[in-house]
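Each of the next two complexes has chain A plus one other chain: chain B in the first, chain C in the second.
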Partner chain A sequence: MVPNSTKGILGHFYEPADALAAAAKVRDAGWKHFDFLTPFPVHGMEEAMGQKRSWLPWVTAVLALCGIVFAQALQNYVMVFDWPMNFGGKPFAAWPAFIPITFEAMVFWAALGSAVVAIVAGRMDSVPQPPPMAVKTGATFDRFVLWISATDPKWDAAEAERFVRSLGADGVRLVDVGGRTNA
Partner chain B sequence: MAPASHPHPPAEPPASKGAATPESAFIAPGHTFGSITDKISAIVLTRRTPVGWLLGFAIAFGLVMLFLMAVTWLLLKGTGIWGVNIPVGWGFAIINFVWWIGIGHAGTLISAILLLLHQHWRTSINRFAEAMTLFAVACAGLFPILHTGRPWLAYWLLPYPNSMGLWPQFRSPLIWDVFAVTTYATVSALFWFVGLVPDLATLRDRARSRVGRTIYGVLALGWRGSARHWARYESAYLLLAGLATPLVLSVHTVVSFDFAISVLPGWHTTIFPPYFVAGAIYSGFAMVLTLAIPIRAAYGLQDFITQRHLDNMAKVMLATGLIVAYGYAMEAFIAWYSGSFYERFMYWNRVTGPYWPVFWALIATNIVIPQLLWLKKVRLNVPVLFGIALVINTGMWLERFVIVVTSLHRDFLPSSWGMYYPTMWDWFTYVGTIGLFVAMLFLFIRFLPMISIFEMRTLLPESKVKDSAHA
Partner chain C sequence: MTREHYRALPAVPDRLALPRRVQVLSLATVVVGTATLAWAFSRGEAQLAWSAYLIGAFFTLGLGAFAVAWLSMLYLTGADWSVTMRRIPEAMTAWLVPGGLLTMAVALSAHSLYHWSHAEAVASDPLLLHKSPFLNVTTFTVLLGASLLLWAVFGTRLVSASLRQDREGGYAATRANRTLSAIFLVLFAVTLSIVSFYLLLSLEAHWFSTMFAVLVFTDIVQTGTAFVAVVAGLMVMSGTLRGFLNEHHLHSLGKMVFASTGFWAYIYFCQYMLIWYANIPEETAYFLRRSGNGWLAYFAILPALKFVVPFLFLLPRDAKRNPRKLVPVAVLLVFAQFWELYVMVGPALTHGAEAAHGHLPVVELLVTLGFLGLFTLVFGQALSHRDPVPLKDPALLACLEYHS
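For the complex of A and B:
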């Protein structure tokens, strides 16, 4: 597990287009432990940052299958093996009657599981995040904030600061773990 | 650091660029990322609670007390205080259950189906339409549970190993309904909460009070707006939308199976599933309009919920209303064409029997009056549109009354015929759930952003960086 927060450097942008251009430059300069904090999903950011596609749909698919298997197993076990009851001579293994619950169970497992996994996966990110105090920079308001973590193999405070300024970022500042700005 | 301080205000969006974007009609020109955030979050964080809010909440809360009283009396005396009898065993409880569940459907349609269809106008109405879904489903769920007679044993409906050696009857549509409604409530709540997380982070960072920061902070789950998280977030949101879309169609289909699987004239009809789903969306959009029109006036949100939104919703109502009208026509045609004596008698009894005023009121409110929506003038006249929405809400309630009561009250043998009259306890319970619904909605408007802030930001032309790069 990566540390919750580390020191690093922050720089602000005010237009999503500038942020996108900056992200591509950071990626091309060879930085690995960087992130962009944005007020909304900026489309194209994944490619600009060199991210892979999310694996989440596979989780959803597996959970959907689990839901189907669970519902089928439960209904067949109850209605055919554990307590078969004769209603008007209708078949015990009445598979068409088991479809609605199978469908609902599939959706239930897939939706609940995907949401929980997506939330938990956010905790296990490979990029160390800025300290919470430094997050209150307006990224949930109207700013696009570049973050480069000091854990990056390329890290050198002076070099990082010069680089972020060269991207045209505003309000560039180094922060330590407590979220204080380093002079 | 005070989040409100802005040493560098973002550049004003150029007006000409805004006019070229098709979505521009869904948000008034001149807004910036900051102004959208301010305007929506101020309703929760800084504006004084309006007197109208306090008054409305007080009335709704009074109705909740009426509901609790009606339920207490019901638990003491039993379902005998209701008007249900033999042959009409399903009275107000099932009418109201189907009505509320139907209202909920528009929320999921707006949030999930319109998202998948890239209908960007959904953005400013999806949040409170989803809230409406949740509260409507909560009201709906109460009715069948109370109708069981011993609601404290309602958990017997769920399959769990128990010392009685009992299982639910999985071949019964009533049990399918338990699963459908439970899944629907869970997935709707998830979808709503996942959509709220980034906005809760905005409120956390902008709240001035310690209590506000703490509560919104806990609910925001540490959201920072990391681009890596956004990518997964969008993936999760789309997956939930993809799951919610067939789910919403399945829920009212299963509700219609409660009727259609039985061998009863008036219920045993294959057209029920699609016609119930269309009716659900019809009544749901009517309820969205019933809520959106006063809310946008009270909070001055005409910039975000524009005339074009109202116009689009009116068109959806017109389309789904016509599907419902087709359903009515098919019911009549098949009753005649089937050649079944009982089917024909049932239909003729609906039209001319003791409940004829309800049937004709249904035709007037659900089919005749909504035809006014063909006229653009009517769709753009906000008070008239509000009136039509109320008429449709009533009409869809009458439809469920007609389906439930007129199909049951004339049994196969005339010696078993009866009549159904709701008692005042039926009315108290029904009006009480309306109070519950409105009270929860008032709390939602006061404490959570009723319009999705982060999605509204994406409506601004300058947010479309990828599209403009390709153009």
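For the complex of A and C:
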């Protein structure tokens, strides 16, 4: 599951540009467990939040290679060693005929594998999110919502509230829902 | 509270011009190319000279044709990211008039290059006789000329609407170009097929391939995007369009170059595998000719030049964004197009009754470089006569803030 935090602070912004500027300030102030909930992907948010590049492309590359090896091994084993058959006088190890399967297997392994890894990794390697349903943010509608989780190492409720207000955020609100969530 | 985030436009740069060094180099290649061509003719090597001419003419014609097709695709897809680099393909279309005329000169070469142009050969060959309503010099000249004229007309229309927008602003020019683009792309599919059939496929008039026109399309897309990447990459490196053109735009362009390598491999392998599988003598002759008589080495490195090396090199994200990495690969791809044309044209020629032998394409390369030099001069001339950025394009702001 995506980790949830029961405690934290929310602040609203109304323009993507403001959200970007705020994200850069939160990053520079040294906060780690923070996130921006936005109605649509905001270009440049990853850089502004100081997020590193994902390692997922490497997973895709390795899976693609595995797909290639799998398809080649399977076809050569079946068509050359296990049950050789003569198709139109072509050689048993007819490499051009193996290419489409190899290509498809590569795409299949890489695409599906990456999707699965992305979902699993996204659940584990994520900033603790605000408690779901308990908090109405407006982030699915017209707000760009900054969330700082209380799990952050430098958390201090009063300090966090002062800081978020200093960013020019609207509707700053401390959240503490106790044990009511699945965190 | 927030309008102050919307920034003012960066300082608009001066008119673009080719650097002096590039101009001198281009002029030098034109001189060398012309001299090489004259030398080959004077030695009585008409076939060699004309084949080199055909390679060079088609190489540069492809760049011009690509520019119109690409502009159409960008208009149709609403490619905001390309606005600040649009002057590059616009300037490339300037080649279509001089380049079209130079290509038409290939008609003069018909007897040296095209077997089907000899009446006595057609008379004794049922297949050529059957194809003669399409394959004859008159139809060749008319259909080729009409296709090239159509490209030039659409290229001029697209560019002039864009330049009108520079003066008047507004959305009308974008809308007009969008309509024009939709019409052009349909016509382009037909005319590019005609041009590629006449100029390249008919070199071996007995052979046919349903993949051929698509293959030529992937070729010009690959070469064209690579050429744009060279120019745009050099502009980013030199800071000519600072504030207007950055690594995000290069990234999108690099993705197109990258995609074209995979697309080429897909289509070329398609053509190969269909012929390999069916194993029909009329069709396999094409690849047999390219694996004997010293051609195999030239043929075999083609996939490395056009796919393996550029694909692996462009795979990391940084290679598409960093002009220092993108430009060298793009140069390699431009060279690879020459190589492919050489492998298409060279083995198709016969010396008397004998098949042509594979040889280092020195004459072909020099002549092609001459064509490329002339293309670059025409391109630079067109570039320097326009505002460097379409400042009144409605999508300009979206382009400036573009994130790849």
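Just so it is clear, the second predicted complex is superposed on the first by the 166 of 183 C-alpha atoms of A that agree within 3 Å, B and C clash if a C-alpha of one lies under 4 Å from a C-alpha of the other, contacts with A are read in each partner's own complex, and residues count from 1 in each chain.
One rule holds in what follows: a contact is a pair of C-beta atoms (placed from the backbone, for glycine too) under 8 Å apart; a residue touches a chain by one contact, two chains touch by 3 or more.
What you see is a predicted model, and the numbers here were worked out from it, not measured in a lab.
S.K.: After the match on chain A, would you call chain B and chain C a fit or a clash?
M.R.: The answer is clash.
S.K.: Is A:Gly44 in contact with chain B, with chain C, with both, or with neither (first, second, both, neither)?
M.R.: both
S.K.: Tell me which partner touches more residues of chain A in the superposed arrangement, chain B or chain C.
M.R.: Of the two chains, more chain A residues are contacted by B.
S.K.: Output check: A:Gly88 vs chain B and chain C. Expected answer is one of first, second, both, neither. What do you get?
M.R.: Touch partner of A:Gly88: chain C, not chain B.
S.K.: After lining up the shared chain so the two structures overlap, which partner does A:Gly168 touch, if you call chain B first and chain C second: first, second, both or neither?
M.R.: second
S.K.: For A:Glu159, decide between first (touching chain B), second (touching chain C), both and neither.
M.R.: So A:Glu159 meets neither chain B nor chain C here.
S.K.: Using the superposition on chain A described above, determine whether A:Asp28 touches chain B (first), chain C (second), both, or neither.
M.R.: Neither: A:Asp28 stays clear of chain B and chain C.
S.K.: Looking at A:Thr140, would you say it contacts chain B, chain C, both, or neither? Reply first, second, both or neither.
M.R.: So A:Thr140 only meets chain B here.
S.K.: With both complexes superposed on chain A, which partner does A:Ala97 reach: first (chain B), second (chain C), both or neither?
M.R.: A:Ala97 sits against chain B and chain C alike.
S.K.: Tell me the contact category for A:Tyr14 with respect to chain B and chain C: first, second, both or neither.
M.R.: A:Tyr14: touches chain B and chain C.
S.K.: Would you mind checking which of 147-155, 183-191, 219-227 or 381-389 on chain C runs into chain B after superposing?
M.R.: 183-191
S.K.: In the superposed arrangement, what residues of chain A touch both chain B and chain C?
M.R.: Shared contact residues on chain A: 14-15, 17, 43-44, 57, 97, 100.
S.K.: Spell out the part of chain A that touches chain C in their complex, as residue ranges.
M.R.: 14-15, 17-18, 21, 43-44, 53, 57, 61, 88-89, 96-97, 99-100, 168
S.K.: Applying the document's contact rule, which stretches of chain A touch chain B when the two form their complex?
M.R.: 12, 14-17, 20, 23, 35-46, 49, 51, 54, 56-57, 60, 74-75, 78-79, 82-83, 85, 87, 90, 94, 97-98, 100-101, 103-105, 107-108, 110-112, 114-115, 118-119, 121-122, 125, 127, 129-130, 132-133, 135-142, 170-171
S.K.: Which residues of chain B touch chain A in the complex?
M.R.: Those residues of chain B that touch chain A are 1, 3, 6-8, 10-11, 32-34, 37, 159, 165, 167-171, 173, 175-176, 179-180, 182-183, 186-187, 190-191, 194, 198, 201-202, 204-206, 221-236, 239-240, 243-244, 246-247, 250, 254, 257, 454-455, 457-458, 462-469.
S.K.: Under the definition above, what is the set of chain C residues touching chain A in their complex?
M.R.: Touching chain A from chain C are residues 1-2, 5-6, 269, 272-273, 276-277, 279, 315, 317, 401-403.
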